[in-house]
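Structures are listed in the sections that come next.
Across the two complexes that follow, chain A remains constant while its partner is chain B and subsequently chain C.
After this line comes the complex of A and B, so read on.
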């Protein structure tokens, strides 16, 4: 056995906990998870059935944690996990799964299949069976501080640009601010209007906030590739900066997995709870709205719909806030079929967008989003995740639907701020 | 008669011991692995959502009904039918009374007959569907078919003992009891365990989602 395979198998065994054992005991191969997974529904290929993606993990469980499995494997009667199999499962676990969580939501016996696939990725990465694109993104995140290679100099340039455009100061490294705002690389590099939008909204609402030069990147390639130690390192950088600045709340930006990484996985990754709270930007904006501090003037006349980012909504619990905020400004807001906690993924979450090998498959499964949008006749597609936003823009373009404009919710709100008194 | 005495006496004892010890062992296997506490700050009560999920996932969801109508309907019919026949056929109640010391009232035999036929029909439909549906056929292993057989046999032999004269009643009854014993012996070591672990799984899933504020 190669050392990397041995590492991988040990990692599979180490990932198994009581819930996973219960999940494997409970699966009756009913096949219902397949119909919840866009990789199955859009390809019709049964190999994308969610529970099938956990097969290596199941074997590790059976051979190490069950009476008959242990007996059979001691007698050499049970198939050992091989490198060839892991290579085959690599495409199912990374290319054919966005960790969107729909399977977990429908399983009649209650199996959290998404959790099992997330856990499987830890072992896949340990055994060296992770996609090149994700490996490179993770290396850049650790070495440069951003999966896209964005540096503090880029951010500083954007800050300068924003300050010139808005006439406002963008706070950086302000000790004792109430909120620390994080960003995603895509926002700094591509969707930089967000910096101006946040600056203007917080200025009007009188919010004490800051950016940090040591923790501006919220994304976490570590949780996508499945490398708990690297994920912990990325979370730790944010925690250290937040605690140094003494902020009360860290704001996760419009990025789905960044929220999952910091809000839900983070404390478990670094092994302790935080001295501050973590909120998604939409949670903060909705609180400001409820307090009357966020006011808007004028209404959006275009017909709009909202794309729920999986990690924010189904896996994150931020469900009502985007609706309340959209209703502040949109006159004609329509929901997609299956909107809310059962919404369909854009196809590029969970690290799929960083994995070039998966591009054709990702383009194929976009047909689900296309069908959801067909018939709605919207002019604007609002979302709250810059990765979703990228995927939606690409998908719409490939399907000749560019007449639908994709916008971030925070930016949309900023367009309707009242004039400064 | 000798066969019947064996299945009613030592056979049943062996099967019961394997069944109970097996289930206990499987639960210990599961719980001894343990799990790490979740250090993230919950948004809502995890345990409430956990218990809610145990119940809620028994109800048909619109999506599942639309995507897998046969598995859903035949699944309900077979599970409910099987349990009603097991628990409310008068001779079964006599048996439980002998073992447990207390009984309860049963359902009229014609109702039990009807339920048995429905249950068998649902099981056959599920088997055919497993063989022809691309996803279920792809997922299925020999265990899925073995488990189907050991679940179906008690219902079929029970019905035959009541209604058919293919062999002497005592032989048929002995075969029926034997089929139940096979089911009990196979139970702890196969996916039949889901009959107990489903509640554990649903609780874990519901609690994990619930603490994030997601109600499913």
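After this line comes the complex of A and C, so read on.
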């Protein structure tokens, strides 16, 4: 059966569980989430208030699980969820939310609003109200293996290129390696220097690692569009490959949502725990630093700042690691206002960047990042997420701030590795 | 001789202005005052001469004094305490006998002093169960409170009666508030700083507020400063996500306990207890009881000693609920179960008609 309103409404009901019911019950309508959301603060439009984005889900809860709601529903006095309404909410739920988690962090009653919106997307997708761009990205992820259509052949070409450049072997499908490194398609297609950076760092640190030809893509479009079934399929590919190779740890690359998908949502999606650990590349690098295995020589003289990927700081707690790593090489490191746990989102995560319709809105809300950068007078903007990196590069260009160079932290560190003995 | 101001005294004791300002900023944030208040607090406190404080200890264990003075190495908190003029305190004063009582009388002569009380006051049998210098506790309290500017009841015994008042209460122990209510002592502005013992920074914070603004801070319905007792332990507990997720430790040594799950089913009283433990923490901000694996026992609430076992979950009945109450509970339980079953059937229906999504669903 194809997507339909009926299927969508059924999916809303299906998404309601204990936490969701208690969240709706506890909301005190204080509006603090509005001021935490860059889509509200940068547009001033109250429709972007995070909790308002969950309105269809709230109605489904009210009409099916509360006494008065059921009574009104029986009497036909309630407002039914309609296709027109879902079409309207589509732009709020997909274009106007990056699942960045800021609203959750400020909610005084502890409602995980981000999770509520994430759950709403399940019903939106089931009712056929998902953006075209995300549908296509998800289709490519399932059928080709990556949302940008990158194939293993593309990766193999990049591996060859890296090997030629570094003179090192890039391990592929090595049975029994300690770490399995994943990549995001943006890294394979655009920021391929990362492959060389990781290869060099791991070589110097003596790390046993590998890439996998059956699981190289870390990102999960299934989660972004809101389909647990498709998301589980994508997670399962990684789990199967990791367990087949017998690795102890799977490394999520410089990508925020990939990390959340694999580390936090993954086990729930496939219904069991992993036989391996999942870490973000920054966590692994910081462990190597603490063990003395990651050494650097020389210092970066440019003035740098760090953009915290939302999923790392708010959903993952990776706050100190990038700072410890940056301090190894940066002489002039300045924090932007609101840095760390409450840093503002790049505006393109959670599937927004794959949704072309959202481009003008995304450009508008970049004003927040621009304000954060204004006055810092930095030459380099370091981050640890290839999607953030893309968004930052675009945003800076549009705002005529191209003199700020955007770099990935892993690459920056690789530039300061000591000469090989 | 003029008394030195607090700022001068602090400087003399090697406390830098920076450390003092940090204390003021922390106090402002703890009390939910805007950050811009910190300099105002610093200015007001810095100019103050040492106000006279009379500390009366009655039926108590000295735990409240220990909490304040012996908890850790000297900090701004306990130096602040050195810097109010603590003119009478059983445990801390050097004077004894008549000299000690004379000190109390002298401090009272100036008026406008603060009275800090720890411990409950026995009133049964003419108050004979606790006397000091030949005076019953009740007489001493009535005499001292008469000209006081305000009274601070430190600890649960003074605030609510505490352990001495626990059933069967052989000494007829009463709280300061109860004595004011029945007219046994003069009614004065009263601040209850409950807890067994109270958190040191809460005691000093309340004093700082009083010294800064000259007023009693905003209080809750039990006379406790809202700034510190406004939230429940549960609201601010770091284990709250496990409660929300329905993950509970069932025994103190099971898998759940090791994983740090919610202690609700092991009797944690966090949901009904108001205090700042989860935010201010103990032992210089190291941790609070739930962090060491034990549930909250609800020590800052009235009658905590008579509120049933520390190890029974809050949802378990504490008293005899037979008869009418039993019927009402049964009816409520049936209605609740019916609502729950209905909700479950709604979910089952939805789950049964759910269809797996495939990639074809994404193609138009």
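Note that in this section the second predicted complex is superposed on the first by the 418 of 421 C-alpha atoms of A that agree within 3 Å, B and C clash if a C-alpha of one lies under 4 Å from a C-alpha of the other, contacts with A are read in each partner's own complex, and residues count from 1 in each chain.
Operating definition for what follows: a residue touches a chain if its C-beta (ideal position, glycine included) is under 8 Å from a C-beta of that chain, and two chains touch if they have at least 3 such contacts.
All of these numbers come straight from a predicted model, not from anything done at the bench.
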Chain C versus chain B on the shared chain A, clash or fit after superposition: clash
Touching partner for A:3 - first (chain B), second (chain C), both, neither: second
Partner chain(s) touched by A:130 [first = chain B, second = chain C, both, neither]: second
Partner chain(s) touched by A:225 [first = chain B, second = chain C, both, neither]: second
A:11 touches, of chain B and chain C: first, second, both or neither? second
Which of chain B and chain C A:19 touches, first, second, both or neither: both
Partner chain(s) touched by A:30 [first = chain B, second = chain C, both, neither]: first
Chain B versus chain C as contact partner of A:263, first or second or both or neither: first
First, second, both or neither for A:143, with chain B first and chain C second: second
Broader residue contact with chain A after superposition on the shared chain, chain B or chain C: B
Partner chain in contact with A:47 - chain B first, chain C second, else both or neither: first
Set of chain A residues, in rising order, touched by both chain B and chain C: 16, 18-19, 22, 65, 67, 110
Chain A residues touching chain B - in the complex, by the definition given at the top: 16-19, 21-23, 25-32, 34-36, 40, 44, 46-47, 49, 51-52, 65-68, 104-112, 115, 263-268, 271-274, 277, 313-319, 338, 341-342
Complex interface listing, chain A residues touching chain C: 1-3, 7, 10-11, 13-14, 16, 18-19, 22, 64-65, 67, 110, 125-126, 128, 130, 135-136, 138-139, 142-143, 225, 227-230
Chain C residues touching chain A - in the complex, by the definition given at the top: 235, 240, 244-246, 339, 343, 346-347, 349-351, 353-363
Touching residues (chain side chain B, partner chain A) in the complex: 25-26, 29-31, 33-36, 38-41, 43-44, 53-54, 57, 61, 63-64, 67-68, 71, 75, 130, 133-141, 144, 189, 191, 193-194, 197-198, 200-206, 208-209, 212-216
